[in-house]
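Both of the next two complexes hold subunit A, though its partner changes from subunit B to subunit C.
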Partner chain A sequence: MTRLTLNDLHLRHPGAERPALDALSLEVGNGEMLALLGPSGCGKTTALRVVAGLIAPDAGEVRFDGVSVGHLPPERREAVLVFQSGQLFAHMDVAANVGFGLRMQRRPKREIARRVAEGLEQVQLGDLGHRRPHELSGGQRQRVALARALVLKPGLLLLDEPLSSLDAHLRTEMRALIRRLQRETGITTLVVTHDQEEAAVLGDRVALMLGGRIHQIGAGATLWNRPADLEVARFFGGCNFIPGRSSGGAFDCALGQLALPHAAPAGAGCLTLRPEAIETGEGENAVTLRVIETRFEGLLTRITAEVAGLRLEALMRAGAARGATPGQDIRWRLPREALWVLPGV
Partner chain B sequence: MSPRLRILLGLVLIAALIAPLLPLALWSVARGWFFPQILPANWTIEPWMQAFAPRSEIPSALATTTLIALAAAALALALGIPAGRALGLYRFRGKALVELALLAPVIVPGIAVGLGIHGVFLRLGLTNSVPGVVLVHLVPTLPYVIFVMSGVFANYDAEAEAQARSLGARPLQVLWHVMLPAIAPGIVVAGLFAFLVSWSQYILTLTIGGGRVVTLPLLLYAQAGAGRNDQAGVLAMLSLGPGLVILALVARQLTGRGMAIGGTR
Partner chain C sequence: MIGRGHPWLSLAPALGVIAVLFGGGLALGLAGSFGMGRGGASGDAWIAVLSEGRVWRSLGLSLWIAFASTALSCLIGLGAALLLRRRFPGQGLARLLFQINLTIPHAVGALGILWLLSQSGFVARLSAGAGLIDGPAGFPALTQDRFAIGIIAHYVWKEVPFIGLILLANMQSLGDDPESAARSLGASPFAAMRLVLLPLLMPALIRAGAIVFAFSFGAWEVPVLLGQSAPTALPVLAWQRFTDPDLAARPEAMALAMLIALVSAVLIRAAFAGRNR
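This part shows the complex of A and B:
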């Protein structure tokens, strides 16, 4: 098992306006599963390829267990990258695909056969060894790709959007499988995804990458509820930003004085709270707003309301949303624990 | 189109392709075949006996032609696969110009190319020799190989190679275990085409070989020119052989495993 360190990586693709990696630093602990989350084009796949050795960074260092691997070609790195598309070799059957890496190492035939069988068993495809890749479903292909990486017992597993090509119900299943296999094998894993939910479920920690660098790293809930800056809040669907000043556990703004949770940053800044955290009714931090618009979004209804030129959006379930009619006043409670201050915005 | 019409059209097409060859086939087994007769009066295998008699030039020409065609096809593949890969996989400045230049020999008359190259080869001492003829056969064969291979590589996913590297394959292992199997059907098609194009070369063989390198097409023209219809018939049948075999092979490649061409997806 390997500890991965990325140290101040810089990379600009030829002809690109903005750098793909911009002073990217990151540490993935031994046996940890870290989810690298970000919108498409934020450089997360590039980062993964740099770790795998498929692209060389312009500057910076990749270290496995503290040792720089910058000079090693991909085949000599302890890391195995599983591509988004699975990348099964079409001219080989499933067993040959899974055994590919072992064959490249010139392992004895018997050992290869045994480990391939184990690997297929691990991903519950024990009886499909003779199938061709085009005879498999998308989920099976992805599992074969996973088995092909795991039979090598790599020190570091790199997964590039492993679930993006799957249907919703397969995704849940595959997510659980990846989680279970990672726990069982203890292989340090870096998984790249653009899906917040996926990142939260898969990662022990989540690193949010925007514009080529890490903006915030921590537990999924922390990023969600305690964003470090405006971009992080926006990425997670934050839409309520109230300018004001935080001092002594309270926030002064156009809505009046709101009580803040413990350890909220002090000073001038922006108050943020997630739209689904807003509740109707009286209590601490209750404010009156005028409803402007309600929009049905399936499970939830999005209600836009205004007071003193300030707009707030709330996502509420049908029951709570029923009282909201455009043009009428409404009482909303902004729960203290759901509030957070983005300092200096 | 109704199935019956389609079959009819197919038969017409086959007849149109085979009809010109029939007289040649008949000439090679006829003794005395004069104008009003629809079929030869007498049948004989004499022309074939003559063709393979000890003093005949045909067996050695057959060997030379085969050798040259094999060498030219191999060389064209060795050069054309990397070129096709570059053209099929990458976009670069001046790519259209490079493509045009590579395909130019197909458009420019062979005699012009041959005479130009003759001057160069003369200085290099490559004229009147088999190696010289093999090299000059690259002029018509290489464009075909590059054309086929760039098409194959356009459908080839080079990410498979990155995946193989990450799984621990060294560059040569990637070449052997990932790239070659994926493009193998294309190599077969391109190689067979190159073989055929070289096999039926006349002008370039004559200009560079200077009559010293004797191949089947040279003999065929000579015999046809000399009015030896029986020998011309035999030579035509011999020249036809590889074409038919290759057609059969390629047809299987193209239809039976239609997916094979076009790679790994």
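This part shows the complex of A and C:
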């Protein structure tokens, strides 16, 4: 169990225009599972490799339990990285793969065999020790990769997009397995993902990384509903941004005066609310808009409506969306708790 | 599937050329070795060849040349590839210099070796001039010598870039991740290379090595230029019989050529089988 601290990391890949890591700072508590979320190319995998010791940062510090590990090669760090593709060694069978790290520690053969068996049992692959990696399914390979890291009982587990190569139904299963194993072992875990849902389910906390730096860190729901800035809101699918001014628990804007939730930031800024939070009907914060367009998106329908040159988008279930016809006026309620103010935007 | 029709049909033109040129050559050579086309068929040429001590000595020499050249080329090629894959300033130039002798013909390379390593060659003169040896004649025989050092030196010089090129391409497609995974699991850089990278490179190395072996075992121009007169390498012996004014030696030349093809096929097959076990 290790506390991980990233302190002001900078890294620019040779020839790259923008830095991969830009003043990246982060703290992962003892036994915590933190999801590092971000779009592809935001530097999250780079950050993971820096922690693992596979890449050296240009500047900044990586600390395990407060002690800098910058000088330590990957094999001497208390961290094990599980690669996106699993990276099982194709020329070894499953048992040899899982036992590889213990073999590197020169453990006795008998102990290795016992711990490998336990490790495979943990990921429910007890009887597959003699198989070769190419004889396994994608989900099994990923579980072997996980077992290979866990048998070492590392202080810090680094997971790089562990579910991205799996089918949808396997993902749910694997997600539950990772969650359970992390709870059981209590190993501090940093999991990198580009999938918002995965981050919300896996992480005790979620850190959103954009352009090489952390924009916001907190519980999944906080990032979703209380974004720190415009980019965070946009990343989570925010599309409604209404300029105006917040004061005394209300927001003055083109839609009139809207009641704000408790502790909303004050001053000039941008009001945001998630498209799926909008409801039809009367009540507090009800406004009249003209429907411009409706678009069927499977489970939900996206409705674009306009008032006073201001456009809002709502995502609604089929029943609620039925009344919306382009050209007609519609009453929408913007629930107070769903509103949030991005100050200074 | 790209294109229409059965894959065999699409491959037919290429396979036809291969079958006629190579298969036909082999079939004709085999027929010739049994004296066919000269009225009747007999195993006389094979019996003559296999009962001749000179042939066995030549076979031994050729095996030595091929094994030594292949082993050294693989070893040095692997080392060079491991060095050249790292990023460093001037890497592009280093790779170009490394690969440049791929373009030089074997005969030209062999003449270069002669000019460099023979007892009247550049190194001999240089050593004599520097007072390391009494005169150029005191220089050890490295060409036309018993151990075929000149021939092996030439093949190594020529094949190291070939092996290196194939391994570099292989490493590029493998990427750094297999080794990184090993390192993260606690392997030292050397252990990661030995236990993970090398086994992954082995299939490519064996394939490239088989090509080097087949060539250095079966080619005659380099041993003609750099080899001693007796025993000669097996391909040289076949070439001499083939160009003999006495046409009766032709079937023996064919039998020798078939022997070369057979031995290298069997040995390469054994190498692949050993790998798969």
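Descriptive notes on the structure:
Assume the second predicted complex is superposed on the first by the 345 of 345 C-alpha atoms of A that agree within 3 Å, B and C clash if a C-alpha of one lies under 4 Å from a C-alpha of the other, contacts with A are read in each partner's own complex, and residues count from 1 in each chain.
As a convention for this text, contacts are C-beta pairs under 8 Å (C-beta built on N, C-alpha and C of every residue); 3 or more make two chains touch, one makes a residue touch a chain.
Computed from a predicted model, the values in this text were never measured in an experiment.
Once both complexes are superposed on subunit A, the partners subunit B and subunit C clash.
By the touch criterion defined above, A:Gln87 reaches both subunit B and subunit C. In the superposed model, A:Gly139 lies in contact with neither subunit B nor subunit C.
Shared-chain residue A:Pro57: touches no atom of subunit B or subunit C. Looking at the shared chain after the overlay, A:Arg148 reaches both subunit B and subunit C. In the superposition on chain A, A:Gly99 contacts neither subunit B nor subunit C. In the superposed model, A:Pro227 lies in contact with neither subunit B nor subunit C. The intersection of subunit A residues touching subunit B with those touching subunit C, taken from the two complexes, comprises 49, 52-54, 73-75, 79-81, 83, 85, 87, 89-91, 100-101, 104-105, 148-149, 152, 158. Of all residues in subunit C, only 87, 177-178, 180-189, 191, 195-196, 199-200, 202 touch subunit A in the complex they form. For subunit A in complex with subunit B, the residues that touch the partner chain are 49, 52-54, 73-75, 77, 79-81, 83, 85, 87, 89-91, 100-101, 103-105, 148-149, 152, 158. By the touch rule above, subunit A contacts subunit C in their complex via residues 14, 49, 52-54, 73-75, 79-81, 83, 85, 87, 89-91, 100-101, 104-105, 148-149, 152, 158. Within the complex, the subunit B residues that touch subunit A are 157, 159-160, 162-170, 173, 177-178, 181-182, 263-265.
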